[in-house]
Structure formats: structure tokens, C-alpha cells
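Order as written gives the chain letters A, B, C, D, E, F, G and H; numbering starts at 1 within each chain.
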Amino acid sequence: MIVLNGARVDLPAGASLLAALAQIDIDEQSTGVAVAVDGEVVPRTHWEAYALRDGARVEALTAMQGG
Amino acid sequence: MEKLLTEDPLVIAGESLRSRLISGTGGFASFELMADSLRASGSEIATVALRRIEAVPAGSGNGRGGSLVEVLAEAGVRLLPNTAGCHTARDAVLTAKLAREAFQTNWVKLEVIGDEDTLLPDAPELLRAAEELVDEDFVVLPYTSDDPVLARRLQDVGCAAVMPLGAPIGSGMGIRNPYNIALIREAVSVPVVLDAGVGTASDAAIAMELGCDAVMVASAISRAEDPVMMARAMRDAVRAGRLARRAGRIPRRLHAQASTPDEGLAQLS
Amino acid sequence: MEKLLTEDPLVIAGESLRSRLISGTGGFASFELMADSLRASGSEIATVALRRIEAVPAGSGNGRGGSLVEVLAEAGVRLLPNTAGCHTARDAVLTAKLAREAFQTNWVKLEVIGDEDTLLPDAPELLRAAEELVDEDFVVLPYTSDDPVLARRLQDVGCAAVMPLGAPIGSGMGIRNPYNIALIREAVSVPVVLDAGVGTASDAAIAMELGCDAVMVASAISRAEDPVMMARAMRDAVRAGRLARRAGRIPRRLHAQASTPDEGLAQLS
Amino acid sequence: MIVLNGARVDLPAGASLLAALAQIDIDEQSTGVAVAVDGEVVPRTHWEAYALRDGARVEALTAMQGG
Amino acid sequence: MEKLLTEDPLVIAGESLRSRLISGTGGFASFELMADSLRASGSEIATVALRRIEAVPAGSGNGRGGSLVEVLAEAGVRLLPNTAGCHTARDAVLTAKLAREAFQTNWVKLEVIGDEDTLLPDAPELLRAAEELVDEDFVVLPYTSDDPVLARRLQDVGCAAVMPLGAPIGSGMGIRNPYNIALIREAVSVPVVLDAGVGTASDAAIAMELGCDAVMVASAISRAEDPVMMARAMRDAVRAGRLARRAGRIPRRLHAQASTPDEGLAQLS
Amino acid sequence: MEKLLTEDPLVIAGESLRSRLISGTGGFASFELMADSLRASGSEIATVALRRIEAVPAGSGNGRGGSLVEVLAEAGVRLLPNTAGCHTARDAVLTAKLAREAFQTNWVKLEVIGDEDTLLPDAPELLRAAEELVDEDFVVLPYTSDDPVLARRLQDVGCAAVMPLGAPIGSGMGIRNPYNIALIREAVSVPVVLDAGVGTASDAAIAMELGCDAVMVASAISRAEDPVMMARAMRDAVRAGRLARRAGRIPRRLHAQASTPDEGLAQLS
Amino acid sequence: MIVLNGARVDLPAGASLLAALAQIDIDEQSTGVAVAVDGEVVPRTHWEAYALRDGARVEALTAMQGG
Amino acid sequence: MIVLNGARVDLPAGASLLAALAQIDIDEQSTGVAVAVDGEVVPRTHWEAYALRDGARVEALTAMQGG
């Protein structure tokens, strides 16, 4: 289990960050997107190799209209 | 005016800009209205925030920040990510790093909020975050209070500009303390961008007349009854205020000074 | 903007004008500077005074008002004669008649001064002169105080517009009492032209935002360090203020209203 | 004697207004000019016929830069 | 303070007064509250209006103006009749004569209203009425706009004081145009009594600091949540403003001036 | 008034005070003038600075701070030492400790200056010093900017009151940003003492009307032409502003509201 | 018939002003009162002698709380 | 040698703070006075016992009119 943008997501043990992001239709080609795991930025080049620990907190962010 | 503005560019961190109006992207009823307003404003820079991606039906690109980025690219503006919503230096720094990753820009409008009611900045946290981001090679444009001492400290730690508020975000109160804005102009050599508080065109003109190098406008355009028309008004007002500052205004005096001399006045009775 | 302004003309006494900026001609260092400033301002109307002809060497046209009239004609502006220097209704009426004879125009900017230090108008004499000139088929634009009741009386006797002051002539103090200008806007249906007091661009924008239909500027341009640049500033400021008035500004509030919503805010720590 | 723009001018009895204005190089062709005698406007078409009384006060005005 | 005030009396038409606060009598919830507020204010003069007597059961004195007059007499204030509600010189003059008959006083607060929304005075009618009442040996205190020229004309026709407004009656907006009040102070030698617009204590203090000789307060006291406490506040504020005017304030400056000198500053690090 | 003020005391750190005016001691021409002004002001607290003792002829007590302390004791005021002249938290903390040693008081008006021209406080250093002094059991009254967030932080670290500035020290500009003072009043529960910027009596009244619990005045009294009279003015103004705040002022409105009803208006013509 | 403070009042021909005022309990001893007839002040000393014309407009006024 | 309020003062080796303060007429009975040596407060009860190091920086302060 991990937490993706605040929601619990069940994933096989040792699933990659890339697999998690697939849940919200994000892949390495997605533009204007950035991801942090447990409070650290993970560059997209590492998404495939990055194995998520159980309970990892993933924040996947993109641009929103703002001040 | 083209000629004039290229004569008098705004330079931030070595980048030369022809428009002295920076626009926000929040509060518009639609992407289309946002794009039309941005074009009408002549802005070359627009701020964006970072928020969570929402899961959407596979294939559909809707609600994707990607589409916002594309709309802004079509409107010909560069993105200036902000750290809106951050209350600590730590969150603001991480948000800036995520923005750099997402948009391939090291520019950031740094916001560290200290109070929910007024959305006023938290001075010590802001200074801490600014210092850290400068060390990380960011071009830092901090949203700050109108405190001249804090503005000076922000310049001293390496900020590329300072963005003092005229009044609380979205208040439309204009520049509540013009004296402090004038003192900030004296206190720093980096560009001063008036941020927050502008409610209508004259507020933007006043900011420029006080010596600001640029003005940031968000709600005053996006929440106006006619955002595109207000965007035009702001474009003209910033230009007018800048020209007036450079033209050298007449002094204020309590009494009158005739604009029509009395010499040669007829004796009619 | 062309398109926009022809959409939104200023109409005085049935005449349609594209510019909402009326310029004075006094205080310029030279005719050339005056002409360049008038062009830069976009004004279609410029005020002139009447004074005694000075004897000059036969043949030479120097110092002849004629040449001023020619310069203004070349600059593409129509003359608006004023009655500057008059202290009684009688003198003002006679001056208006002389102006009509000299310039073949029945338009007059009516000034009846009540005090030398402030050059403020004399209400009862002004009203008397306005009434008489309207009877003589003049198009009367009275320079008046910011008294809403007097403005109403001037409309009632048939003035084509009212020209309330923002502050004493040449004081550059801006609009000292914006409430009264707003009350005048409510009190009359004829055009309201803010006259006197404008010191810099934002003052002109504020006048338009308050609902004035046009602004008259003299010393603020002619006595600025760079009159041509200030004329540009005033042109843009009047445009900006008019657009802002029409665009419908956001309300003022004491507290903040976020321009970046919190929805989707990341939990970074 | 008459008073032209505040200055005393000696003229033969019954001289015309046109003659008086000649003193300051004004004639019926002059543009941007208006004249009052003793507080009344005299249209240029009457300048020649207008016989000045002794002591008449003549104001000959033209445009000047102003507010 | 007693000593101080007798040192510095207000003199109108030869009458010497110790209090510089004139109170209105309208808007109080009861005669008792009115009387307590008048005592708390220290006022020596209170204004009253003239209205039709209503028929009442024989014998009963209720609703009789008589009782109001008695209450005011007990409160130790002299009556100053006004001409409130009059829109023409003719009505105002007749009302003043009726007041003289009813109250055996030739003092009158002259009001000639020109507009129902703003209750602003009608300048020409006011001047006409003032002239006529002065001829009839009245001591005329005209409620006027903040126009310095009109104030001068009112003095010239023989008014014993001028009562310029700070803002519309009951608006509580304070002094909208302090410059004009200062100009009126320069323009006339008779006492200047700030009338209308005072909303709270500081407004009264500002009026006195601008050089007014007294302040008239009505709604700001009678309609306050606690009229008696506000009456005390006004009494103190008028006193404070008068003392400050006489004491000679420090000049305003943009930058700081240390109140603690640096001489002898320790070297602690 | 006595009765009233004892009903409505100012309480700081458990100490109850009858006067809401705190006086500075700098800038007076003589000890005698200082003492007379302090008495006239009714102040119960006066600030003093710490400076180096100068060597003087043995025996003579001249120039000795001792004598200042004695004069203030005779004038019946308690000392409030300040840390004027300190630019770092370290210096301010040491100065406070020296003041405690010299005057046996743990109260301190904490000043940490960030800029020589404006004498504005340095927010981060001020907060650091406040935190440290609270830990050392001082009763800390920090001189702060008008930043509501900083005021809240100062309360959160345990300050007994906050002393926001109205304008730079000695500037006499009054309260440049009344909105921020009102926001500070909302933001903290400890007493708010308006410090710096007061130029004349009405400024002090406005501070109290905005909800301040007290006002600190230095140069406005000591550098006035007549300090004793200005001290009286300030005493009355603080009282007036406090009473007005408590009395509940009338609302502001753009238009008029008659204080004399029209019912029963006579038909005179 | 006369009009007293806006109200029609029937009175015998040639009735005195004093008689009219009695309708609203006013007499020469009433304090703080003044009276105008047809736009002219009538001093109380004349109330008894003043004979009202038919249709006379009488205004009887007294003090009211005001600005 | 020590530095007393910014001025160099020659004192015998190991002189007491009290001795130094005597130079400016300060003793333990002086009121409204406080002393710091090298940036630390020295309570008056320690002045006599406090032996000054060579080059010690002494600040002796008192009340002055201020803000």
C-alpha cells in the first residue's frame, strides 16, 4: 500500500514509482508534471527504477491556475 | 509605443522584458477568457501554482495541468511558478524544486504565508526559504510585506527582485502605504515588483509612479466584470505610470499656480 | 485601441470626440514643445486665452496670436477659448463674445475666478455668466468647484458639460475630494470633465474611474520635466481609467481573498 | 486721444477704429483677432465705419497660450 | 482645564464661550438622554429646529416645544435655532424671523439646502439669505460648503461666523477635504465652526488642528451606541485638538528622526 | 474622568495602569520641561535609554543618569528602559540585562533596529531577541513594524504587549496604514501600544479608535513648540479616542442622513 | 375657513388669530411659539386683534429637536 | 591597560573593576548604573572582587533621556 496524492493505493510489493503514476495516467512522456516521494523530488528519469517502500507517500503535481 | 518600450526594458536576472505587467492565472471563468486576457494585458510572464494531479479517465487530457501549460504557451507567456499555499520554508523550498522539475525553469515566485485571513507573508520563514533557494541556484522573486528592512534583507541574500504587497491578496485596496513602497525603492537596487492589492488601473499607475519597476495583477483582472477590458486597462495604466515617473511630475502645492498668465489681460470694465 | 475608442466616443453638445483628454496650451517652453506634446497627448481640443495684442515691428508676425492659432491648427486640435482672468460675470461674458468673434467658435470654457490665491471659481457669478451665455447660444463648459449642487444648477441653466476641479489650478494635488466628484457624476447627466489639480498620470486615471467623461490637463504636462513623455502618460492614463471604469472593478475588502485556491494542495511534510 | 490696449494714442478727431488698429498692425485681414470699444464687441466688418469718440477705450485681443 | 479654557475663550459676535463644542439636539432616543449628553459634552449652545405644533389634549404639555425649551434650559445651554428644511432664501429668512419671535434670540444657524440626497447647501440662495438676515440685525452663522470663496463672501456680507461642512450631514465621513478647511481658515477672520461630517472623536480633533475655532456635532453623538460616552469623547477631542493647534506640532518628514540620540552608545560586541 | 478611568484600566503583565499614554523622555530642552510635560501628560510610564557614563569632576552629580532617575521618580513615573541603538539580538539582550541591573526592573521596551534612515525594526532579529528575553523572565514590549503576522509571532513567543509603529520614529506622519493596525488588533490578544509616528493629538485619538490599548509618544511632545501644552493635548486625545472606541461610532455613509427630521415642516410659501 | 398648520379649520367670519390658535391650545402665555399668517410673522401681541381673512394660511411653530 | 567606555585607561596589573570604575566616580553606592565587562553583565556585588584582565573592555552605563 502507498499513498498517492492523499489516496491509499494497493500495489504489489516493490512496485515502481512509474507503476504507481500509471494509476493517474502519468508516464515519462507526461509534460508539466513533477513527483515527490516522502518529501523528496524524484526526477522522471528515475521513476521506472524507483521501488516504492510500503506506505510511501507520493505527491504527483502539475500546473494549476494561480495568483 | 513599441519603440518606447524597447527603449526602456525591464531586466530581471539578466532577462530583458518589454512588458512591465506580470499576470496571475487564477480566478478566470475559462481557459479561453484567461488566454484572451493575457494577450490583452501584453504580459510576457504569468504565474502558476502546483497542485495534485487528479485521476481522470484514461486517454482524456482534461484537467491535466499539461493543457494549462499548453494554453499559456500559445498565449506567448512564460511560466512563473509560485509556492502559494506554503506556510513553512521547508514546504516552499520543496515546492520550488518540484516546479523546476515540472516546468524546467529555475525562476520562482516565493510565497511563505503566515496567516490565513490576510495571506500576509511570514518574514523569518520567507527569508530562510529565499536564502536556501538562492543557494540552490534559483532566481527568487519573493512575495514580501511592505517592510523596507525585510526587502533589503531579501536583496542581501541574493533575491533577483522583491515583490512587496500593496494590500492583502485579492483585497483590491490598492497601495495602503505608499510611503513604504517609496522607502523600498530607496532601500534596494534590484527590481521592485508591486504584488497584491491592485484593485483597478490607477493602483497600477500609482505603483509605477512610486518607482516600482513592474506590477503583478491577478484578481483585479480575472475577477473584474470584463477581464479582457480590465487587462487592457492595466496594460495602459502600467505604461502610463512608468512614463509619468520618467517624465518628472510637477511638485504638489497647497495654493494655485496659474496656467494662464495675467500679462496682457484686457481691461473690460 | 482605435477600434475601441471609436466604439466609445465622448459626445459634447452633439460633437463626437475620440480623445477624452483636453489639453491646455499654457506653460510650454516653446510652440514646438507645445505642438509635440499636443500630438503625443492625442487631444482633439486645446484651450487658449485671450490677451491684448502687442505692437510689433510692421511685417513681422511674431508674438501674433495668429501664429498660435496656426500652430494649433497644424497640430490638429480645435480651439476652446477660456475666460481666464475674469472676476465678474460681465467680464467673462464679454470675453466669451470676443473669443467667438476672434475664433468663430461658440464654445467657451467659462472661468469666473473668486480668489487670487486659489483661483477658485465664484459660484454665484459663475452661474450668472453661464445663464447669460447659454441665452446667447454659446456652448458653455464651466470651470466649477466640486460642489454637486452647483454642478446641478449649471446643468439646469443649460451648460453643455461641467468641469469640476480636483484641486486648485496648477497645484498638482490630484483629486482632493473624490467623494464630491462621484456625487457630481450622480447629480448631472451632461459630461463631467475633471479640470484642474491633475499632477500626474494616476490622477487622470482616478478621475475616469470615478466616472468622469474626460480630463483637462494643463500644467501637469507643460511644466513636467519632459512634457512630451508626460503627454503620452496622460493619454494612456485617461484610456486606462476609462477602460477600468467600464470593465467593472473588483470590490474592496479588508481581508484577503486567495487568487490561488487551496484545492489539491500537496501534503509535503 | 483714445486708449488702445491701455496705452494713450493720439488720433485725429473722428478717426476710425480701423485707423486706430493700424497702430498695432491689425487690419480686416488679421486672423484670430477681436476688438471691443468701451466694453462692447465691434465686429471687423464695422471697423472701418466705426468713428471713435474722444477718450474711447479700445481693447484689441488675440489668442495667447493658456490653461 | 477650567483655567486653561477661560484663558482661551471662543468669541462669536462679542459673546464669549468656554466650550468650543456646539451640539445638535436631533436623533436622541429621549429628552433625558439628550440632556445627559449635553451635560457630558460641556456644550453651551445647542441647535433646535422649528416645526408645526401638533394639537394635543388640552392641559397636557406633552409634545409641546415648550418642554424641549425647558429641558435645554435646565441643561444650561442656550438655543441656536436653525433653518433646517428650507430650500429657498425666502423660506429661510421667514423661519429665522419666526425663531426670533419664538425664542427671543437673533442668532440663527442658517441652512438653505440645495439637494435632498446630500443635504448640501445652495450657494447663491445661501448668500442671498445671509445678506438679508444681516440687514435685519440677525447674528448669522451659515452652514456652508467647504468652498473658501463662498466662505469669504459670507464674511463679506456680515456673517458672524462660517460653518463649513466636513462631509454631508450625518455621513460620519469626517473631513473629506482638509485642504479646503485650511484654506477657509486663511480666507476669513470670523470664527470657523466645522459643521457636519464628524463621525468620531478624531474628526473633531482634526478640525481643531486645522484651525477651526469650534466644532458642531449632532448625529455622531445622538446616534452613537452610547451617546453620553461619545459626548465626553467629543468634549475631550475638541479640547485636545485646540491644545495641539496652539502647542505647535512637529513637522512631518518621510524618514525617521531618532528620539534617542546615539551619543554615548555602548560598544557591546 | 477619574471614575471612568479607574473603571477602564490598562493592564500589562498583570500591572494595572490608569493612564493609556506612555511618554518618552528624549528631546526635551531641560529636565524641568520634561518633568512638567510628564505631569501634564498624566503618564505613569516613561521610557529611558542606557548610555555610557561620562567622567565628571568628583562630587558633582551633573550629567549623572542618577539625577535623571531621580527627576523621573519625583514626576511619579515608572521607568521603562529601551534598547534603542541596538542592531542585533545579542546587543539588545545584553542591554536589557544591564537595564535590569541598573534599574531593578524586568520590563523592557525591546528595539532592534534594521535601518539607520528609517529606524525600522529588523523582524527576524527582533523575534529572536524577544524569545530570549522572555526565557530570561523579562516583561517584553517589542517595538515592531505594523506587520500583523510578526505581531502574532511576538505574542506567541510570550511578549506582554506589542508596540507597532504608526510611522517611522520622529516622522510625525501619524498612522500611515490604519488597516494594518486594525488587523494587528484582530490578530493578538495582548495589549497593543501604538508606538512611533504620532505627530499631533488626532493621531493618538485615531490609534485608540482603531482599538489600540495605549499610545506611546516621544518627539511629538518633547519637540513641540510648547511641550507642556502638547502633553495636555495628548492626554485628552488618548482619553477621547478610548471613549469614542467604547461609545460605538456611527457608520460611514456616502450620502447624507438628516439630523433634523422633516415631519412637521412648515409650508411657508 | 382657514388653514392651520396644513389642516382646514372652520371658523366664524372675522375670527381672531387668537381664536384659531386656541384650537391647538396656544394662547399668549404659551412659550417657545411663533406664528405666521400668509407668510408674515404675527407677533403675539397682535394675535387677539388680528382678524383672519377667509382662507388664511396660519403656521404655528415651536421648537423641535434638530441638527 | 583596559578600555573603559571606549577610552584607554592604565591600571596596575590585576586591578579590580571597582578601582576602574572609581575613574569615573562610580562606586557600589551609585544608583542607576550597570556595568558589563567583555560583553557580560557584572553585578555590583562583584565589582570589588572582579579582577580585570589586561585589555578588558568595560562598559559602565546609566540612564539617559530617550525614545
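Going forward, a contact is a pair of C-beta atoms (placed from the backbone, for glycine too) under 8 Å apart; a residue touches a chain by one contact, two chains touch by 3 or more.
A quick note: this is a predicted structure, and the numbers were derived from the prediction, not measured.
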Least hop count linking chain D to chain E through chains in contact: 2
Shortest walk length in steps over touching chains, chain C through to chain F: 1
Chain whose mean Cα position lies farthest from chain B: G
Between C-D and B-D, the pair joined by more C-beta contacts: C-D
Equivalent of B-D within the choices E-H, E-G or C-D, defined by over half of its residue contact pairs recurring: E-H
Separation of chain E from chain F, taking each centre as the mean of its C-alpha atoms, in whole Å: 32
Whole-Å separation of chain centres (CA-atom averages), chain F against chain G: 63
Interchain centroid distance [CA atoms averaged], chain D/chain F, Å: 72
Residue numbers of chain B (touch at least two other chains): 24, 26-27, 49-52, 54, 82, 84, 94, 98, 117-118, 120, 169, 173, 179, 183, 218-219, 254, 258-261, 264, 266, 268-269
Two or more partner chains touched - positions in chain H: 5-6, 36, 39, 59, 61, 64-67
Pairs of chains found to touch, sorted by chain label: A-B, A-C, B-C, B-D, B-E, B-F, C-D, C-E, C-F, E-F, E-G, E-H, F-G, F-H
Residue ranges of chain C touching chain D (in the complex, touch as defined): 24-28, 34, 47-56, 58, 64-66, 68-69, 79, 81-82, 84, 94, 97-103, 111, 169, 218-219
Chain E contact footprint on chain F (complex, rising order): 1, 4, 24, 26-27, 49-52, 54, 82, 84-86, 88, 90-91, 94-95, 98, 117-120, 168-173, 199-202, 204-206, 209, 218-220, 222-227, 229-230, 232-237, 239-241, 243-244, 246-266, 268-269
Of all residues in chain C, those that touch chain A in their complex: 258-261, 264, 266-269
List of chain A residues in touch with chain C within their complex: 5-6, 36, 39, 57, 59, 61, 64-67
Residues on chain E engaged by chain B in the complex (per definition of touch): 179, 182-183, 254
